[in-house]
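Next up: the structures, one after another.
Consider the two complexes below, in which chain A is the common component and chain B and chain C are the respective partners.
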Partner chain A sequence: MYGFEALTFNIHGGYLEAIVRGHRGGLLTAADYNNLCQCENLDDIKMHLSATEYGPYLQNEPSPLHTTTIVEKCTLKLVDDYKHMLCQATEPLSTFLEYITYGHMIDNVVLIVTGTLHERDVQELLEKCHPLGMFDSIATLAVAQNMRELYRLVLVDTPLAPYFSECITSDDLDDMNIEIMRNTLYKAYLEDFYRFCQKLGGATAEIMSDLLAFEADRRAVNITINSIGTELTRDDRRKLYSNFGLLYPYGHEELAVCEDIDQVRAAMEKYPPYQSIFAKLSYGESQMLDKAFYEEEVKRLCLAFEQQFHYAVFFAYMRLREQEIRNLMWISECVAQNQKSRVHDSVVFIF
Partner chain B sequence: MEEEEWSQKVTGNQLPEVDITQPQQLRLRQPRLHPGMEEKLVLQFMDSMHNYLSLFDALSSILREGWLDLASARHSMGGLRINSSLLDMKLHTAATTVKITQYDDIAVDSIAVQPCFTLRKWASSEHGNSQLEDNNVHLRERDGIHQSSAEENAEVTVSKNLLGPTDNDQFSKERSKSLSTFGVLISPKLRASQLSFERALDVLVEIANMRSSVLYSFHQLHEEAEDN
Partner chain C sequence: MDYIDNLPPMDLMRSEKMTFVQLIMPVESAHRAVCYLGELGLLQFRDMNDDKSPFQRTFANQVKRCAEMSRKLRFFKDQINKAGLVCSPCLAFQPDIELEELEAQLAEHEHELNEMNSNSEKLQQTYNELLEFKIVLQKACGFLASSHSHAAIEERELDEHAYSNSDDYVEGASLLEQETRPASSNQSGLRFVSGIVCKSKVLRFERMLFRATRGNMFFNQAPADEQIMDPISTEMVEKTVFVVFFSGEQARLKILKICEAFGAHCYPVPEDIHKHRQITREVSSRLVDLEATLDAGIRHRNKALASIEGHLAKWINMVRREKAVYDTLNMLNFDVTKKCLVGEGWCPIFAKTQIQEALRRATFDSSSQVGIIFHPMDAVESPPTYFRTNRFTSAFQEIVDAYGVARYQEANPSVYTVITFPFLFAVMFGDWGHGICLLLGALFLIARESKLCTQKLGSFMEMLFGGRYVLLLMALFSIYCGLVYNEFFSVPFHIFGRSAYECRDTSCRDAQTAGLLKRHDTYPFGVDPSWRGSRSELAFLNSLKMKMSILLGVVQMNLGILISYFNARFFGNSVDIRYQFVPQMIFLNSLFGYLSLLIIVKWCTGSQADLYHVMIYMFLSPTDNLGENQLFWGQRFIQIVLLLLALVAVPWMLFPKPFILKKLHTARYQGHAYGRLNTSEMDLEVEPDSARARQHHEEFNFSEVFVHQMIHSIEFVLGAVSNTASYLRLWALSLAHSELSTVFYEKVLLLAWGYDNLIIRLVGLAVFSFATAFILLMMETLSAFLHALRLHWVEFQNKFYHGDGYKFRPFSFASLAEDDD
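For the complex of A and B:
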């Protein structure tokens, strides 16, 4: 039941909700994407983006540009927006905003650990980390030899500490263990975020439950498809699925035993929201599955803005910006590789 | 043995046949060629050139596909999971090597050197498997010289029909091991890009062999022209 948020929300959250709705207005439109898709080279893309909110971030970049440079600079815009909102936020919004970045923190931890395993320079790895997922002792990750040390030396003082209870072993870090660690951490993070949103109640709980359930279900499908043909056992696969979402628990049981994309389709088509996603794909095809999921996600994120006085707008804005950056990355790659005919394979229009 | 066959053919007033599939075994000490034979050499040279250029086209399209698949995988999995800073810097043996065999004939007046390139993929597999792979690639290259379409050359399937199921499993394992640099649960697009680049390697070796053959044919024609 809603708790009359209209009476009290604006006291602490009104300013930031207005800010985030203003930021939403700055997202690229279909006309912007059409212009970008017709660019001949990356300098043209930079020129078109100079008229958008990304302009100040790209204007000083020298030619020749690289696609990774465009992605890095556009990500800085997202980081600046986030930090502005975080420093203005009070509890519980500040905790909610911090939760949004834990996924990036997990990715950074795995990047450092994997890179160290491959004897890469720590400084080089730190430069590649996502800025939203940085924390003070991240460089110390390079000295850990196993997960127990990882936890004891570094992660015990980070927000990821509670998520490590299922991962702590003395096994040496290898590719399989790191992958299981990544997915186990992310599962624990999603479930914790879900519980936090439920505690907040009201419109935040309702909208965030839907968004996080979709995220959990999409993760389950991706884990299933990516683990086909690998050494990951069915039991291990099942353990990586989150304990909530539309597919929990019966859908997970079916996904755990799938051996090809058609079996995944058969399992997912029993759920009406996902039937429409798989209806867009032909049998045996998984190439367009990512785009279909992103389109569904964008639809749900845009709907979050239709209601007021809740925190889900902040989550939705961050995710829509990330989708926009993914679009820019794809357009840049197609332009750089002279494959503009494929540009619409992965671009998801937000408006 | 081949010299005897050659003599018999000349004595019998037969047009000496040039077996272009085994250029490395041709003897250059041969009598002046019949004009018809010279035209045949020219045609074979032009055919080889056409196949050589077609292979380049095929290579270009395979590489384009591979790079786009890689970009697609990075789009799907994220830039943090697929980037150059994850590549393994530990010392390890190469998964794929190229063996170069020089065929030359030092017993003739002019020395013809024709290198032959053989790709050995997934060399960390058992020795038997890699040997089988060598033979398959070598056989395919010999046959490939006479193929009219270089697209057929580009469609390398590693002669899977000659490999047993255990060999394919071994290669799949080696491919997965190579991709584990980016994690275990990776997008199918990354696997597709790996296969594209693997096909590109096969085509590159075929290009190298085709070039070697073209240069050898050109050398023959040039010598013939000088004799005339």
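For the complex of A and C:
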């Protein structure tokens, strides 16, 4: 029911929307980042963060801090927020919230599978997994030898199972087809999420389709750039692009045939929203592309808060927090390794 | 005027005189000085480093160290709680120690504790493993015994199968030969893995095993009898023993991997009975040993914790204070030479000598060469408001502060609130039976005051306890008002003598119809008990209470306007007196003062005049003859004069003030070509960020001032009517209270008493007492409280109270503890 959210939204979603907007108020501001960038060591960072919402999570950490501890505790805060919201949520918001974590789940699956392929310790790998993407039998992934087993043993119980329909093969796992699996899964996930949001309708569909389209387009560009110079054929590459978004379908045709970064650029500059992103980069450069995309994403996510009575704020909040944690990680690393001149290379200011 | 000038100064009503002071402290004595000031708690520091983030400040390192120490202390506290030690206040002599020493001690203790913890954790882990092994041995033994028979059957089947298919048999035989493990069931290619897994994971574990082996396995499980402690969360976990039978090496690898993934611990179980017994014996004996070691370790640890615990409270307090001192020092600035710290702040004038004394002591104790300079300065911003209260007045001050903190040196309404608030409450809650109940409650709280104030109370109890003296006065006044209304749980009493009325004859049959006769003197105090239950009871009481409410309201509002006069006089604001106070006084009293006068005259003379009629026709047709409603001679003339006065008062309070303000402003700024001399230019250069630098030239916006004045005047004129009407709530609530208690008394208690049945009587008594306790004593108290609050905040305080000040928050150690809890 488009346009009538104001009438009924607050019955189920009002409390949580208030909660999430309150959480948003706790995001670090540009002033905070400026102060953080001036820190001399990790204790300074801890001291500064103790005045923010991360305070209670960091206050009991003994003094020689590590970057990983900071990141871990900050992620814990995000997970706590998420779990609180999930506990309070009713349908369809709870499903929506669960959809947000599927991306992490895919990443975790890929991480474990690649890790066991290279014979790393499972416990060690589990510690590296994102806590939002954990599921019950994740540790059992190490048992599987090929895709079919992977699916049959473990993933059939997880929400990822339907996304697997396209990549069940009996091939043994190797780096290449794991990467393809990740992208196929991601494609299926994004399309499913997109369909789900369309089904919800209203402002949620409108805003989420914009955000997800951006996500899909970004993935398409990244796949293209990463697959240049590999043995991936054009058709295979074409298959990994999600079937929606601004680039679909003509942009995908162009991206599929790109052979170097400048061709990608030429293809993308036909789309006004991406023109500005590529305008920031000099020719032949792809290093700063990630940051440019992140900045654009953050801008779009912040805009999601401008409208009321929709679910995209939850998605936006989770994404912004994750970006914030990435920022904190980068700042902490720079401070810990005395590379303060590079602090601004990768920090994306949120406000 | 002379009389007013000679009134004693209203010290009680004014907040303490404050002064802005500057402190210049040599670095070596600064810490001690701030410490002493914190103990004194009479100086509010101004943050001079607003623009700096916490870690850029001078003493960031010390603050960090304090935070680290408090982290360690929290860790100790946590450990002590986990160990389940009872916190006993240690009264042994504890020597004062330096912060550095404390830091070292804490580090040592933490190290010790961590070591002990890791040791005991290792031991605990070994212990857990052994315990699990023992349980597995016990349980698995049962499975194996039963599976032997199974195995025998399977073996036969397998054999038959093998004979029928020779190829298979060859393969099976080679497999058997490869098998090195000497176990009887291995003959059939059947092997097993036994172990233990968390109970919550069993189902998923079994499903995963089933899938991984494609169903070629046999899963046996039994719950463990004992719970096993999880070393990380130190919680007891229920576990389940399992034995999986399977065949094939591939399957074994898979199963072991799955076991690992599920955190299941596998233990080999020998099938040989003798060996089995032997191992069980060994495990049991080692378990006993370990248990003894573990116990010793825990005892040792508890001893160490107990020794820490004795000091913990003191240490926590010390670190908290130290952190507060450094936080305060961080608010100070270094001067140019970097040898002195410069601080600014507010202090009450009376505290100056005490502060100077503390500073002198600090200089002396830290044997500093240079004294601390302490001198007053002038400031632009208005000083904070500081009322000295005691435990009796603080609750009333809280009531006023909840509306808004008084402007600096503004008249403080809580002086009057102490009496008027409980009194207005009691007017609505007049029943001396209920009053006595309240009184008992209040006395209980006051009697246990010393005990309760150290305890931590729930939020509701805390509120009650905080307002115990308010409650006491409310109870006393409601007993008084209850006596006036002659109500005791709505039962009238003949306390002060005989009723003035009597029945017409001895049978008293026509008391309800023809009424009573007045035979005696008027009942000496309060309402005559004979009114109760009479036909005209309501009409009489309503008229009485309504008139009384208006009288009380008019008196209180007049008091409010009078206070505004004293405020204006205090601040030397003659414009406000002439163009605000005087017309307001005239307006209110010409209408409602006159009404009050009429009420009193009517009461004294016993006249039958209709006051509604008088008041309404005073406006509608002031020149008409009053007729039978005339109360005194010349009333018509007086009414016309009063009406004219009220009409004049409105433009009087509306127009002159903004114009005069405008004139004053132009005279001050544009009229004088020279403007004011800036005498503080020298100082500006020396102290660029001191309070003096923030001078501003205010713009005079006439339209804004005029609109403001218009709003005020309209508010007052309309307010005079609506506020007077608002005081009628006194009557309404009092009526509601007495009616409710009548209903409960007559319709519940008396009705139940009418039956000659013990159960019904008891039920009636129970319902009556519950209704009295919850509805009358709790709900009604609350509602009367809220209405009294409103009458004070709105009707009384809007006549004079600005309430836009800010509170004086001195740096004080005493308030630290309260903040923390």
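Observations
As a working rule, the second predicted complex is superposed on the first by the 348 of 351 C-alpha atoms of A that agree within 3 Å, B and C clash if a C-alpha of one lies under 4 Å from a C-alpha of the other, contacts with A are read in each partner's own complex, and residues count from 1 in each chain.
Convention: a contact is a pair of C-beta atoms (placed from the backbone, for glycine too) under 8 Å apart; a residue touches a chain by one contact, two chains touch by 3 or more.
Please read all numbers here as calculations on a predicted model, not as lab measurements.
Superposition model on chain A: chain B and chain C are shown accommodated side by side without a clash. When the shared chain is aligned, no partner comes close enough to touch A:D262: not chain B, not chain C.
For chain A, the partner touching the most residues, choosing from chain B and chain C, is B.
Once chain A of one complex is fitted onto chain A of the other, the partner contacts of A:E119 are limited to chain B, with no touch recorded for chain C.
After overlaying the two complexes on the shared chain, residue contacts for A:D290 are found with chain B alone; chain C is out of touch. Judged by the touch definition given at the top, the superposed model places A:E333 against chain B, while chain C stays out of reach. In the superposition on chain A, A:A142 contacts chain C only, with no contact to chain B.
Contacts of A:P62 after superposition: chain C is touched, whereas chain B is not reached.
Looking at the shared chain after the overlay, A:R342 reaches chain B, while chain C stays out of its contact range. Here the vertex is the CA centre of chain A, and the angle it makes with the centres of chain B and chain C is 120 degrees, a multiple of 10.
Overlay on chain A (Cα): least separation between chain B and chain C is 16 Å. The residues of chain A lying in touch with chain C in their complex are 35, 38-40, 43-44, 47-48, 50-51, 59-63, 122, 136-137, 139-140, 142-143, 152-154. Within the complex formed with chain A, the residues of chain C that make contact are 53-56, 60, 63-64, 67-68, 71, 74-75, 204, 208, 211-212, 254, 257-258, 260-262. Put simply, chain A touches chain B in their complex at residues 68, 71, 107-108, 111, 114-115, 118-120, 124-125, 127-130, 175-176, 178-179, 182-183, 222-223, 225-227, 229-232, 286-287, 290, 326, 329-330, 333-334, 337, 339, 342, 345-346. Note for the complex: chain B touches chain A at residues 64, 67-68, 71-72, 74-76, 78-81, 83, 85-90, 172, 176, 180-181, 183-189.
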